[in-house]
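Listed after this line are the structures, all set down as structure tokens.
Okay, so subunit A shows up in both of these, paired with subunit B first and subunit C after.
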Partner chain A sequence: MTTVAPTSTPTRRRNPQLLIGLTAVAVILLVALLAPLLATHDPVRVSGAVLQPPSGEHWLGTDRSGLDIFSRVVYAPRVDLLLAGVGTLLAALLGVPLGALAGYAPGIVGEAISRTLDVVQAFPFFILAMCLLGIVGGSLPNIIAVLAIVNAPIYARLMHSQTRTLRGRMFIDAARVSGCRPRQVILGHIVPNSLSPILAQMSVTLGMSIILVAGVSFVGAGVEPPTAEWGVMIGDGSGGMFTGQWWPVVFPGIALALTVVAFALVSNGITVANQQRSRRA
Partner chain B sequence: MTNDETVLECAELVRHFPVKGSDKVVQAVNDVSLTFGAGETVALVGESGSGKTTVGRMILGLLAPTSGRIVYQGTALDEMDRRQRRDFRAGVQAVFQDPYDSLDPRRPVLASVREPLRRLELEESARDGTRRAMAALEAVGLAGITPKTRPHDLSGSACQRVGIARALVTRPRFIVLDEPTSALSPIARAEVMRSLHDVQQSTGVSYLFITHDLAVVESLAHRVAVMYLGRVVEAAAAGDVFGRRLHPYTEALLGSVLFPDPDRLDGFGVLRGEIPSPIDLPPGCAFASRCAIAGDDCRTAVPPLIDDAVAGHHVACIRQLSRSRDRQLASTLRKETP
Partner chain C sequence: MSRLIGRRLALLVPQLLLICFVSFLLIQLTPGSQARAQLGSSASDEAVAALEDELGLNDPWPAQFVRYLGGLLRGDLGTSWTTGQPVLDDIARRAPATLELITVSFAVIIVLALLLGLAGGFARNLLGRIGDKISYVYSLMAGAVPDFWFAMIMVFVFYYTFPIAVAPVGQYDEAFGTPAVITGSVLIDTIVTGDVPVLVSHLDHLILPVLALVFINTAPILRMVRSSVGEALTSGYITLARANGLPQRRIVGYALRSALPPIVTLAGVWYTMLIAGAVLTETIFSWGGVGQYAVQAVQSADWAALQGVVLLAALLSLLVYLAIDLVHAWIDPRVRASGGTR
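After this line comes the complex of A and B, so read on.
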């Protein structure tokens, strides 16, 4: 436990996952941001040229309504990322305090929270989201709310275990002796010390939420056509797969897969970076 | 530095922890009473699992006692109003065992030292709080701390002195030192002990010094209480505990210390056997199973802590008590007989 001259340089260690993931996410965000400049056509304006294969005019072809697929693919992250991003943020904002409370105040309050989460998690993720959206309808605010509700238990559980672990650490006792009230202990010490796993989980949730949005839209319970959204596009084009019109499905599928992989890489990268840091400390 | 004013007192403290899935309880602390005068250091010694840390946590208000009272400057802890509670928080501080673990790794150490001032609203402004935190750090010999210094930038000894600075920043009257030197190297230990000693000399703060390191007890403590399985078995002035050691457990505990003088080991018992489980405590004296002089009467009832078995020396042992009384009687007789 003595101070030794650092044998490794304090610069960042190799973490290709984080680097590639963050680059990919940055590119996707840039595409979403610059969609009006990148798009060659209006993503929701129909034309007579239906089910055209990829060509010089329509780079990735057109769908059965004559919508330009390239333009729709670059516009789609605006919807998907917005929904997934806001939904994930709300899920964390809802789950983190609940989990921290359940972990810090065991007994009736903690049990009540834990059992409620059990009920939410007892339903399969996708089925629950689909049912809820079927009841309330697939407007954008509703989709965000459903994302928040189905994902919040993950954050609550994560925070619950983090809180239980950290509560036994001496700096939490020290904070209490320093006059911190429970709320101040949680917000001032427990949450800041749980940020790495929360951030890693948010990246996972973002990817999963994009799949979820696409999934519910695919079955018709989510985003309504003709909004440019990957799930809607895949759902709309799925009928043509067996008759040779693969392009309305494959291109949004690739975009969706790349996005999810990018967020998964970021998540792994955060975990790795955290391990590297704690090994150094 | 000591005088008769009582700063803090705990009376008949009991703490039992329920065992999950059974009706049994872990009897961590049973009937512990301690009094702390101003400027006094009381050492609480005992093996791991003797309940000494639990006593410290109860005194700090981190753990509610099952029964018993903690009185700070005349008011019981559970009867305090908001203002008294704040005064208690500012007046009773702690230094913890693990210097790294007791500082929030995410925070600059300066923020940790300032935290009591901020939370207890004892600072006039952020600038005032920072200035006082810096002053507290300088007082423990840490002048090179910048607002960006984090715990992992510092050595163990420096971290522990940050912990001491945090405990001092509110100018407390009482500090619980929970094995503050056990994680440190010998030189760092000496540094920390000197800091603690200097602080007491200049501020008149009282210490509860929880430790199993008997070598440092002798240098710092005014009084010593020895705990075994949740009970105080012997309590007296430091010199008396080391010199007279009435309880066979104290004798055995001292026998486990390596003193540089071989003659000092003379007469110390050696500890045999396992420490009993605090869940199923034997009916009589908890130490009887490992005691060299225990008899059948030791195993029937818990021996009470006899106040002033010898002047100022409290001990919970029926055997040693009769022996020491005999000795005392004998010496009295010798003096009286010409």
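After this line comes the complex of A and C, so read on.
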């Protein structure tokens, strides 16, 4: 038995952020999927054409190893979206139950969980991720695990406050009175009614995770070169920014920023949709 | 108020212990034996085993943790194998540069966010709506652009393309001499000693990293100021104040007063975000602070140094969080009255 607020919207409301965001995300996913068709060169095969500026042959130029930047830019979301996507999903799967438990369990258990989370959050996000990856090595499973660990407290926090707010609502009381166990109340009633903020947060986390992966790869603790990944590309080209070769850095950065903007728009859009729904309800 | 401070400080002890524990765990994750790492791969197995015994690496982990804590209490964070110095000394020498960079950026961010946010909150005309659109697009961009990428774009534009900035390397040009070290922060030291040439050179070097951090990090605080001021302005007491004909200056004061608590929280949290944000910015500008030290530690597998940075960064964040809670209690009578139970 679940009690979820009605989702069908009889009158369509304007939500351009959600529309644009979802379209952009779809385009990015399509690019990642069709990368082998779109790429003009092998993204990891070096050639003699080193540090060529953008041209008809190399649309976005080549880097210092002679790799074609356009091909690498279109291949990169395969790695970046995979890491950020799975990492975000695991973070939510880890944090949501923890936060619900902390918010629902009375007294010492709840307090203990939230104070522990405070401590994990005291570790500066990027430094902790960089340090963990430096120690365990930047393999893809390790990066995903680290993304899950550093992001999980955000979901626990969110779910904690959601649970605290919902706990006093009538339908939760009704569920309890009709004999639901705490587990049933949390999984069947509290989590489904918190989906919208969780999804909005996941979209933000996805974008932030892409930036985080790029950052740790930039310092050499994340994805290993020559894998086509935006942070690796920016790190590899960084020297050129002091001497005038801007293209190895500028293009992957723009691609990355557009991707993060797309997910931010989706997140804003989900929040707006939720507000529109609750205003109508 | 004193009950709140007591509660908060009592909480600090287990939190500190937990932070130390997490930082202790980090090193347990390192692959391979620490003794092997110290002796090098050519050492004999017996020598490695002997050193393991000597370092107590075969003791049960609670004993190792207690020993680690004992070391921390004596200020022993281990020795960095790249610099050969005690980690605490290494960090202490570099911390002023980092704190200066963060604090100067933070000050600029707060001033900008308050000015623009208040202006946006009060502008109820066409200009205000245009301003809102611009700030929306700006927030979206600032949140999506990686800080290290933006810092490099700044270098390219202001150093390479239009050479108006000095070479983005270090904190000052050594051609002007080396400043006397008092606090370790070049900014404060040169002002105190009146070392104008180095001060000017330092400001030249400071401007690009500060601009990069400011561009990326002002957006969230600006939006928070904008929305909490907007909320305060639509509340009844502001309408009353307006109806009573109070001057605009007083109304701004009132609105700011009630909009302050969420702003303080976010600003505090953002100060800790800057600690992390400074890591890559420092690296790009060869700033020579703790952030760059951390990146070098990662790149050279200098675990003791890395562990020290993580631990001290977390401690600093925890202290900032403590300060937020106390400031909150001070400016928000509701928190004060509830004894801090949120």
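Points to keep in mind about this one:
The rule is short, and it goes like this: the second predicted complex is superposed on the first by the 272 of 281 C-alpha atoms of A that agree within 3 Å, B and C clash if a C-alpha of one lies under 4 Å from a C-alpha of the other, contacts with A are read in each partner's own complex, and residues count from 1 in each chain.
By our rule, a contact is a pair of C-beta atoms (placed from the backbone, for glycine too) under 8 Å apart; a residue touches a chain by one contact, two chains touch by 3 or more.
Since the model is a prediction, treat every value here as computed from it, not as a measurement.
In the superposition on chain A, A:Thr23 contacts neither subunit B nor subunit C. In the superposition on chain A, contact of A:Thr165 is made with neither subunit B nor subunit C.
When both complexes are overlaid on chain A, the residue A:Val119 reaches subunit C alone and has no touch with subunit B.
Of the two partner chains placed by superposition, A:Thr40 touches none, neither subunit B nor subunit C.
In the superposition on chain A, no contact is made by A:Ser139 with either subunit B or subunit C.
By the touch criterion defined above, A:Gln275 reaches neither subunit B nor subunit C. Contacts of A:Val177 after superposition on the shared chain: subunit B is touched, whereas subunit C is not. Subunit A has no residue lying at the interface with subunit B in one structure and with subunit C in the other. Interface of subunit B with subunit A (complex): residues 57, 60-62, 86, 89-90, 92-94, 96-98, 100-107, 112, 115-116, 119-120, 152, 154-156, 163, 166, 183-185. Considering their complex, residues 1-3, 169-171, 173-181, 184, 189, 192-193, 281 of subunit A touch subunit B.
Considering their complex, residues 115-116, 118-128, 130-137, 207, 211, 214-215, 218-221, 231, 234, 238, 241-244, 246, 249-250, 253, 256-258, 260-261, 264-265 of subunit A touch subunit C.
The touching residues of subunit C, when paired with subunit A in their complex, are 11, 14-15, 18-19, 22, 26-27, 29-31, 140-141, 143-149, 152-153, 155-156, 159-160, 168, 272-273, 275-277, 279-280, 283-284, 294-295, 297-299, 301, 303, 306-307, 309-310, 313-315, 317-318, 321.
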